[in-house]
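What follows is a set of notes on a single structure, which appears directly below.
Letters are used for the chains, namely A, B, C and D, taken in the order the chains are written, and counting of residues starts over at 1 for each.
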Amino acid sequence: MRAEVSLAPLPGEAAQQYASVRDLTETLASPLSAEDQTIQSMPDVSPTKWHRAHTTWFFETFVLLPHDPSYSAFHPQYEYLFNSYYETVGPRHPRTQRGLLSRPTVSDVGQYRRHVDAAMQAFIEGGLDDDVASLIELGLHHEQQHQELLLMDIKHVLSVNPLQPAYRDDIAIVAPQPNVAPRWIEHDGGLIDIGHRGDGFAFDNESPRHTVYLDPFALADRPVTCGDWLEFIADDGYARADLWLSEGWATVQNEAWDAPAYWHRDGDGDGDSWRVFTLAGPKDVDPSEPVCHISYFEADAYARWRGARLPTEAEWEAVAGAQAPDGHFLDLAALHPRAASAGNLFGDVWQWTSSAYLPYPGFVPEAGAVGEYNGKFMVNQHVLRGGCCATPPGHTRATYRNFFPAAARWPFTGARLARGTA
Amino acid sequence: MRAEVSLAPLPGEAAQQYASVRDLTETLASPLSAEDQTIQSMPDVSPTKWHRAHTTWFFETFVLLPHDPSYSAFHPQYEYLFNSYYETVGPRHPRTQRGLLSRPTVSDVGQYRRHVDAAMQAFIEGGLDDDVASLIELGLHHEQQHQELLLMDIKHVLSVNPLQPAYRDDIAIVAPQPNVAPRWIEHDGGLIDIGHRGDGFAFDNESPRHTVYLDPFALADRPVTCGDWLEFIADDGYARADLWLSEGWATVQNEAWDAPAYWHRDGDGDGDSWRVFTLAGPKDVDPSEPVCHISYFEADAYARWRGARLPTEAEWEAVAGAQAPDGHFLDLAALHPRAASAGNLFGDVWQWTSSAYLPYPGFVPEAGAVGEYNGKFMVNQHVLRGGCCATPPGHTRATYRNFFPAAARWPFTGARLARGTA
Amino acid sequence: MRAEVSLAPLPGEAAQQYASVRDLTETLASPLSAEDQTIQSMPDVSPTKWHRAHTTWFFETFVLLPHDPSYSAFHPQYEYLFNSYYETVGPRHPRTQRGLLSRPTVSDVGQYRRHVDAAMQAFIEGGLDDDVASLIELGLHHEQQHQELLLMDIKHVLSVNPLQPAYRDDIAIVAPQPNVAPRWIEHDGGLIDIGHRGDGFAFDNESPRHTVYLDPFALADRPVTCGDWLEFIADDGYARADLWLSEGWATVQNEAWDAPAYWHRDGDGDGDSWRVFTLAGPKDVDPSEPVCHISYFEADAYARWRGARLPTEAEWEAVAGAQAPDGHFLDLAALHPRAASAGNLFGDVWQWTSSAYLPYPGFVPEAGAVGEYNGKFMVNQHVLRGGCCATPPGHTRATYRNFFPAAARWPFTGARLARGTA
Amino acid sequence: MRAEVSLAPLPGEAAQQYASVRDLTETLASPLSAEDQTIQSMPDVSPTKWHRAHTTWFFETFVLLPHDPSYSAFHPQYEYLFNSYYETVGPRHPRTQRGLLSRPTVSDVGQYRRHVDAAMQAFIEGGLDDDVASLIELGLHHEQQHQELLLMDIKHVLSVNPLQPAYRDDIAIVAPQPNVAPRWIEHDGGLIDIGHRGDGFAFDNESPRHTVYLDPFALADRPVTCGDWLEFIADDGYARADLWLSEGWATVQNEAWDAPAYWHRDGDGDGDSWRVFTLAGPKDVDPSEPVCHISYFEADAYARWRGARLPTEAEWEAVAGAQAPDGHFLDLAALHPRAASAGNLFGDVWQWTSSAYLPYPGFVPEAGAVGEYNGKFMVNQHVLRGGCCATPPGHTRATYRNFFPAAARWPFTGARLARGTA
C-alpha cells in the first residue's frame, strides 16, 4: 500500500511516476459530469476542473516555462486563471469566483492536461538536473494534495444538492458495527526530536528537525468514533457552553451545529437515529467508524467532556514516528473512514492536534515562488496529523503537517484523545 | 415579424403553437455547453438549465398534474427544485442557490422537457376547455419571458469570465455608424384611456383599462443612443452629484459605475475609446445604437442632464397605442440593439419610464397560484415599455408592463426622453 | 391649535416666530440626559444633539454665512460635522457614524444654538428681503420636521434599552378603550386638482398643482386601530404569504415580524395580551387607538386581508382638501396616537398611501442647495399623508407629502383604508 | 514603581488596597464627559461607563451576592447588562450593543460604584477567608486590566472623531529624539522552566510551571522604534506581498493599511512626515519611541524584512525572568510609549510573540465561573508580553500572558526582534 513519491533517478521510471500520479487525478474526476466539475459550493471549495487545471498549471509555470525552451504556453490567460495564491507569479482570478467560469470547459481542461503531460514526458525523458527533479517531485506531491482536495470538495458540492447524489453508485456500503472501547498508549516523554530527518521527500514546513521536551503522556489507540460522538450528543454536548472555547461556542450558535458536518437526523427527529452523507450517498451512522468532518472546536469540546485533551503535534509524532505509515488511505472502493487496527496512528481521518500551525525553530521556506507553499499560512490554523481515507497512499508520513482553520469541517477531519500521565 | 401567441382554437394549431414556443427555448440553449448552462453569476441570474426546467415545471404543475389524470410527475423533487416563487405551490429551492446544482444535468433537463412535451401534446390533442387553454397560453407567454431572461442571464454569465467568450461565434458585428439627432413627437394630452382592451392575450397587470389625465407632452422619436451617452460621460455625468437621485448617487459610488454595464475603456484609458461586451463578444461602442444596460438611476440622471425627463408609462402608451408593435425584437442574427426607424416606440431596448410599478385602479390578480405572477411585485420597481432585441416577436404590445428595480442593469434596458409642452 | 409658520412681514413678529420654533426644539430635548442625546441606535436614527446642531447649521449655512457679512462661523469643522446630505455644500460626516461623536458635547451644542440664535435675531431685526425671508421660513419648517424626527428617533433609542426607560415620566397613560367600527366616506371621483395652491408656505414637492382623474372611491372615516390589528394577528395575518407583497413577505421572515414595531407579547406569550413601548414607557395595547409603527408592507397586507386597499395620495387629498388641518398633533401631554373624531383625516398617525413618491407633472426643485431638500429622494419610497402625534401643530396641511421607504416602522406610521365604489 | 496587588492579610490594609485600585478607575474616567463615557466606536471597544460598571458587577456577582448575606443587589437588571462573557452567570446584553445604552447614566454608574464599594469595605473589614480573599484579589487584578482597556478604548473613541480631541489637555508632548540602534541580548537556550512559581498572585493561564527546550537565541535590547518603522515604510514594506503572512496581506489590502494605527501622513503627503494621534492629541511621530498599535501581522512582516523573527514567549520569559518588572507603566503624565533603558524587557508596549495562545501542559482553569476568565480564549490569538504604558504599575510580571487576535491594533502593541544563534 506504500508508494511514496520520491522521484526516481532514471528518466523512464520518473516518467512513469509522473504518469501514475497524473492519471490518478483523471481517474478521480472520471465519474463526474461536466456540470459536477464546474460547481463551487462555498468559497473554500474549488471546482473539480479547476483542480485538474491548477495542478497542470503548476508544472507549466514552475517546470516547463522556465526550464524547457521549446515549450509554449497552452493559453495566454491560464496563468491568470489557474494561479491559486502565488503572489510572486502575478495577479490571479479571485478564489471566490472559481465557480463562475464556464470556460475553459471540462473538455478544454482535458486538452490542457494532455498538452502539458506530453511536454513533461518529453522533458523528463531528456534528463533532469537535481533542482528540476525536485520541482517535479514537489509538483507531484502538490497534485496528490489536490487529489484529496478534489474528493473533499466534490463531497461538499454533492451534499448541498437536495437530490443527495452519490459521487459513485458502485461503492459498497458496509453494515454498521458496534463501538469498541479505546485503550491508552503510554509514552514517557522527555527530550525527543521531531521533524523531517532529511531522507526522502518532505515539505519545507516539516523542517528543521529539532528537540522538544515532553511530559509523560498517553494517546488513545484509536480515533474518536461515531459511537463515542453519539454519547456526546446525547449528553447535550452541543448545548453546554462550559465545554467549548468561546469562539467555538459562538460558531456552534451562529451555524446551529448540533452534529458533525454531513450528519442529519433521520425522519422523526427523535435524536437516536442519524444519517450521514458520504461519497456513496446517504447511509446510517456507523458507531464503529471514526467520526469525521468535525471542527477543531468540536474535537476540543469533546475531549474536555471526556476529561481528556487533544495531543500536541510533538506527542503525536513521538508515537507515530515508530510506526510505518500504513492504514486506510485513498481506496476507490471505500472513500470513507473505517474502523482501523488498534494502535495504528495513520489513516481514516486527519487528527486535530492542540498545536497551532507555526514555524519550527529555524524554519526557512523554499527559495522562489514555491516558498509560498507553506510558510505564509502559519497563523490562525491548527495542525492535523495522520492522513485520511482520501489521502493517496504514500503521500503522508509521521512528520507530515496538515493544517486547517479551527472551524473547518469539510476536510476528512477527526480526533484522537490524549492525556497527561505525570 | 408579428406572431402574438393567442392559443388557436383547433387542437392541431394549438399543439403547433406550443411546439413552436418550446422549440425556441431549445434553440436558444443549443449553443451553450453543459458548463455554460450550470453557472449562476449573481443572485439575479438563473442558470440556463434552470430556465429550461422551470418553464417545463410550469406546464407540469399548472396544467398536467391538476388537469391530466393520466400524467405522472417526471421526478418527485422537481416541484421543489424548479418552483421560482409560487408560495401557493409550496416550499422551494432558494433562488441564490440555483448555481449550486450540478444535478439534474443538462441532459436530465432535456429528458424532462421531452417527457412533459410529449404529455402536453397528447393532452392538447385531446381538446381543451377555456380555462386550461388560458393556462397553456399563460405558460407559453411565461416561457417567452424566460427566453429573454435566458439571453440576458447568459450574457452576464459569459461577461464575468476573463476569457470574454461569445454566446455564438457566428453573429456578424456591424461597423459603427454616426449618431443622428432626435426629434420630438408631440401629444396634446387630455383624458386618455390606457390598459388592455380585452381582445387577445394580456397579463393581469395590464388591466383594467382606465382613464388618466395627461398634460401636453412630447416624446423623442428614438431612444437615447451610445453617441448621446458618450457626451454625458464626457461632461462628467457620472461625477456630478447634482444630476442624480440620492439613492442613485450612492449606487454610482458604491459600485464605481462610470459607464453602462458591459462597457470597458479600451487600452490606454484615454476616455474616448470604449468597448462593449455583447453576445457576439466584445466590440467597439457604436454611437448610432440605442444605449443599453443602464439602470433607472442612470436613465433619470441622463434625462436631467439633457434638461428633459423620462416619460410616464401613460404618456408612452398614449403614443405607442397608435402603432403596430413592430421593431427589432429577438433576431438570432443580431441579439443586440440597432438604430431603429424614427418614431417607432418598439424594440431594441426596454425603455425606463418614470412610473413606479403599481396596480392599475381596480386591479384584481388572477385567481389561484398564477395570481402570484405579477401583483406581488408591485413595490420598489419601475415600469419599462417597448420590448427589446431579446424579446420574442409577438410577445409584447403597447399595454405590456415590464418592471425592474431601479438599480438593475443586466436586462436590455435603455431610455427615451420626454418633456412637458404646456 | 393651528399655527402655520409663514414668516411675518414685520421683523419683530418674524423674530418671535423664529424664537418660538427654536425654543420648542430645546423643550423637546430638555428631558434627555447628555447620554440620551448622544446615542444612534440604528443607521436611520440621529442623536438628539445632532438634530439640535444640524437645524442650527441650516441657518448658519444657508442664511448667516452667505447673507450676513458680520457673521463668523461658530466652529470651522461644524460645516462638515452637521451637513446632513447637501452635496452642494461639500463633504460631510457619514450618516452612520453620527453616534460615534462624543464631542461636540451636549453643552457645546447648546452654545452653538445660542450663538446662531443671537446672530439670527440681530439679522432678522435688521430687516429681510423676500429671498432671505423664504430661506428662514424654510429653515423653520425644516426644524419642525426635525422636532418630529427627534421624537421618533429618541423613542427608538430608548426602546433598545433593556431598562425600557420613558422619555418623560410625567405623561399620563390613558386606560384602554373599546374599538369602534369604521364607516366609509364616499367620493364621486372625476377630474380634480391636487397640489399646493400657492398661498402660504409649502415644500417644492407639493407643486405644481395639477389635474388628475379619479374613479369613484371611499375612504374609512378613521385610521386602522390596534383593535383591528389584533384581529389581523389573530387570523394569522403575519403568517400568510398570500396577503403580502413579495418583498414584504421576505421582510416579515427576515425580521421575524409578528406585530407592529414596539409591540411585545406580555408574559406568558398566549397571544391575546400585548404591551407596547411608548414615550411614556411600556403600557397595554389600547384597541381604540390608531395602530402605529407599521411598515407599508404591513399596511398593504392588512388592507388586502380586509378586502380593501390603501388610498392613493390624490384620493386622500381629494377628501382632506375640504378639511381644516386640525387633529391630534404634537402635544407634550400625550406623545402618542389617540382615537380621533370620525371623519377627520389629520393627526395621530401618518397614513401610508399606495402612491410611490414621485415628482408631480412639471415639478421643478428649488434653486441652489435647498433644491436637494426633496426631489432627490423621489424613488423607492411611498407617500404618507396627514401628520401625526409628533408633528408640530401648524406644520402639516392637505397637500403635505411625507415619504418613507416601504420597510420603515420607526416613524409614527399608520393606515387608513380605501376602496373603489364604481 | 512596583505595587503588585497581593491582598494583605490585615482587613485594614486589604480595604486600603481595594480602595486604591477602585479609585484609580475613577481617576482615569474623571477627565471624560458623560458623552465620552457612552460611546462604543467599534465592536471591540466598550464605553468607559461600561468598564466602570462591569468591574463593579464583578465584585457584586462573585463576592457580595454569594458571600455577604446582608447585601442586596443595586439593580435587578445590572446582572444582565454588565456581564461581559460569563456563560455560567447567565444571559447577557450583547457586546456589540454596549454603545446603545444611554441608561444607566454616568451618574447612575457612579452611584452603583459607591453602593458596591461601601458594601465591599464593610465586608472586608468583617474579615475574609482565603477563598474570598482570592476572589477579591482576582477582582482587583481584573479591574486593573480594565483600567488599561479603558484607556485603549477611549483612545479609539476619541480618534474616530474628526475634531481629534485629547483625552487630557495637560499632558506634555516631548520633542522627537533620534533613533538609537539596537543590540542583541544573547541566551544559550537549553532546558528552562517557564510559568508561575506559585508565590504571589498570578492568573491561571500562567500555570503550571513547566520545562521547555530552547535552541540558543538572542533578543533585541529594545523594542522596534518608530524610526525603524519609517525605514520599513520607506522600503515599501506595506506593498510587498513576500514579507507577509497570507492572512496578513489580505488584511493589509482590505483595510488599506500603510502605517501603524493612529498614524496619518501630514499635509502634503510626501511620505517622510507623519503625525500620530495620542491621548494628548495629535503630535509628530518620534523616531526614538517604541512603535505602537501594530498588529501581529505587521510585527511579523517587519521582522521578516529585517532578516529576524519574533521571539517565542518562552524565549522572552527566559530573559525577562531574571529582571525586576520595572519600566514605563501607567503614568498619568505620559500615557504614551517612551524610549526605555537598554536591555529592559518591560513596559511601554506589549510585545507580540510568535507563540499562539494555548494552554500550558497540565493547565487547569479555576473552578467556577471565574474559570471562564482565560482558558476559553485559547485559540486564534497570539501571546504578548511585557506590559505597556497603560498597564497599572505592579500589574504585570515575567510570567504574565496577555493575548490578542493577530489583526488587533487598538491595544498598545509593539514588537521586539529575536534571532537564532545556533
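Everything that follows uses one rule, which is that contacts are C-beta pairs under 8 Å (C-beta built on N, C-alpha and C of every residue); 3 or more make two chains touch, one makes a residue touch a chain.
Just so you know, these numbers come straight off a predicted model, no measurement behind them.
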Chain labels contacting chain C and also chain D: none
Where chain B and chain C are represented by their mean Cα positions, the distance between them in whole Å: 38
Distance between the centres, which are taken as Cα means, of chain C and chain A, whole angstrom: 59
Multi-partner residues of chain B (at least 2 other chains): none
All pairs of touching chains, each written as two labels joined by a dash: A-B, A-D, B-C, C-D
Touch list for chain B against partner chain A, complex: 33-39, 41, 49, 77, 80-81, 93, 97, 99-106, 157-158, 160-163, 165
For the chain D and chain A complex, residues of the former touching the latter: 85, 87-88, 191, 210-213, 215, 241-242, 244-249, 296-297, 300, 354-356, 358-359, 361-362, 376-380, 406, 420, 422
